[in-house]
């Protein structure tokens, strides 16, 4: 679906992008879109940070080719998106718990979206970024800036010693997800996993994760998984 | 060389593009630049319609992939150009004659440039376009619009029966150039020839033309040739 | 509109084996019955879990994949997928793979009574034939496989090949064995290295290269085989992203055109291409453009 | 910085044979002496006027060429180009081509006393060897050509090959014959059809495909040969447009990196890449990244 860029704020390494779709597309926190610029051949997955009516917003780390092109967009340009795809947090998690949200870099996006939709399920939030560059486009007091705090998000949460009854919702790099899994043994942890994707809809078998029930596709069976069910070392 | 788009007018099929270079580049009428958008891999040749100081202007027929991208440029965008390349009209022609200029479609560009620089060498000008679409971006009373005139430029000039002493400078499709050659036997005809180019500077051997002196490169030995010396049928 | 091996195709567009899975996911986004045909993902005798991630790498104008033929194996395929495929109102092609000749023959017997219209033998599996070389590049192996497959198969047999030095000879062997057609091309091998780590991004280093980047190679290959085998049915594929691409393949000699990476990058692409082809064929004749690049 | 066959290269970047001509045009735009090396365009015994136009077609992320080996022939090459090449303060590689073994041997004798440092035998000319198959894919032909070339040549001998099914065998033959190194890859074949006319755009239909689109294939080929021949000097090329591309080739096992389409699209590109590599090699060690994608 072609949609119009209606808002754009960026720093050198981050981009906050607002687009307007032609019809209303409801997005559950944790779902993602396959996104590309118009002259690009293959789309790539991006979670949503905010959606209301026809407006969808993304928080994007500018790391390479496609994200570099997205950064160059101007208001009024068009991009192609399709989705939303994947199983959201709410479809996967135990709704009787409250959760600490841990975002790593732009992995924070779907968690902020979650907080926005389900504040009652949120115990606390930590959005970790290495530097304070993000502050000029992201306005929340829940940011954890590594270089300011001097300790990692995980270290910080450990010190706060959360009750065994709270769970974690995590989204970020694989290393961060592994660290949460190791540091918070005995806690319920749900993570939104990353993968290089082809189709985004479960047919190309491009984004596997080994689970207790065999190989699953992150795009279709996830991206949100109960960490106790997946093998992150495969 | 990176240069900035400072002016742009277009219709559906034509584009008048003004760019500003970082240094002054003097261009002789008939010379061309290798032009591409920033994210494109291979440049393509375009003659200059006007150059003054740091401003270079192009008249471009939107026919395919690169020209389609050029059409989408916005003021302030950057493009890559290199040149000028090739032998100009003035370096090739007999300067003791006066010339009738015949442009076919955007082949008119270098001839308008010629007229601008060497009005004293010009006997008459005819810039042929199929439809009057061009009128909204090109302002000259020398346009010959086929659908308005009901006859081709060549037919028209034949009726005006030019003196055998005048020569012709032609730039347009191969078919038009061949027609001029056939219809005006005995006249001196210089043509700027088209070719699909690789390097634009004579090294890749990508743009050959068979001449009396063997195979020459249109980009380096041309694009302007004395038609009596080339074999257009090879 | 297109008739090969006595089978009518509504239009020349089919889904290539692999990127479209076994159709159930794709059916959520498009009406499969509008397709000329649908090729299921290669099925092997036993379940294969496939390669560990990453399986996909983006490169300029293309993608490398290292799926490792993940598939449920023939038993689960029959249980979970075949009914769905048989229920489709389009021509289904079943792609089969294995480690040795007997695997292919067994799979044909297991699937012989399905409603699918063609068996496509995917010879580019990393399988090794009798002569110690992979089946897909072994003249004798191909001849004997095709010959025996033809004996037992109730459906036409196609073989799918990649770009090879002696491709004409391989096709010639298959033709001698009685093959009904060839599918060209399976993806060439490609590599991408992460210069930050110095390691190939794919665990197996090299993966199959598909998408627009390979189109000129795929077209040259179809053209090359068509020049030698004027009447052999060819399913052409490799980088088809637009209806113009499809027309190029037909002009180069492909009877049918497969879409692989194209459906992966955009599930709706095949339907859009079919719509544009419909317009195109209102003014152009399929029979006239088919093979036309070879004339004169 | 790089030393192969006892020859020092200032940096790993050389111009590939063809797109940079014989250097005199390119020298107007860049200082050739800054290059690691310069490969002249393939020269043949007799002058070749090359193919009629068009010779160049743009395709997605690449270009097809059908130059037809236009070159002045050895006599005029010696007269017009060799002095210029000999005067360069960079390593010149002479690419030679022909219809049969004797052509190559004659050319070696004619050029043996030039200051060039390597002979590159371009085996992808449309030449036919003794066994009736093109020399570039003929194991025995390659062995005997290399062996005899080595006997008379005063310079190291490289052979340039394309992507072939049994490429390891071809290289093995060359190694047995005593080859000093291989250049990989010559352009794969590609086709583009003008759908308005239904005809291939190139008169010969199929042309050599180069540019960024082929980079994954070229890298996979270098890597594949490097895996088998750990110590053989390799000049890698195919779609190098950026310094990152060059690093990928070195990591995949190329000692030197050739730029073809890249210099054609932008004559200044090689110098820009060299500058960026200089920065890169201030913090990285060439020896450490060379071949590093093969470890582990």
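Per-chain residue numbering starts at 1, and chain names A, B, C and D are given in the order in which the chains are listed.
In this text, contacts are C-beta pairs under 8 Å (C-beta built on N, C-alpha and C of every residue); 3 or more make two chains touch, one makes a residue touch a chain.
This one's a predicted model, so the numbers in the text were calculated from it and none came from an experiment.
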Sorted by label, the chains bordering both subunit A and subunit C are none
With centres defined as the mean of Cα atoms, the chain at greatest distance from subunit D is chain A
In whole angstrom, the CA-centroid distance of subunit A from subunit D equals 46
Chain-centre distance (mean CA atoms) for subunit A and subunit B, in whole Å, is 53
Note: subunit D sits from subunit C at a C-alpha centroid distance in Å of 33
Shared-interface residues of subunit C (touching two or more other chains) are 61-62, 212
Shared-interface residues of subunit B (touching two or more other chains) are none
Touching subunit D in the complex, subunit B uses residues 41-44, 65-66, 82, 195-199, 201-210, 214-215, 220, 234
Subunit C contacts subunit A in the complex at 18-22, 25-26, 28-29, 41, 49-50, 52-58, 61-63, 65, 67, 70, 211-212, 241, 261, 263-267
Per the touch rule, the subunit C residues reaching subunit D in their complex are 59-62, 64, 137, 163-166, 188-193, 195, 198-200, 205-206, 209, 212-217, 219-221, 223-224, 239, 244, 247-248, 251-252, 289, 292-293, 296
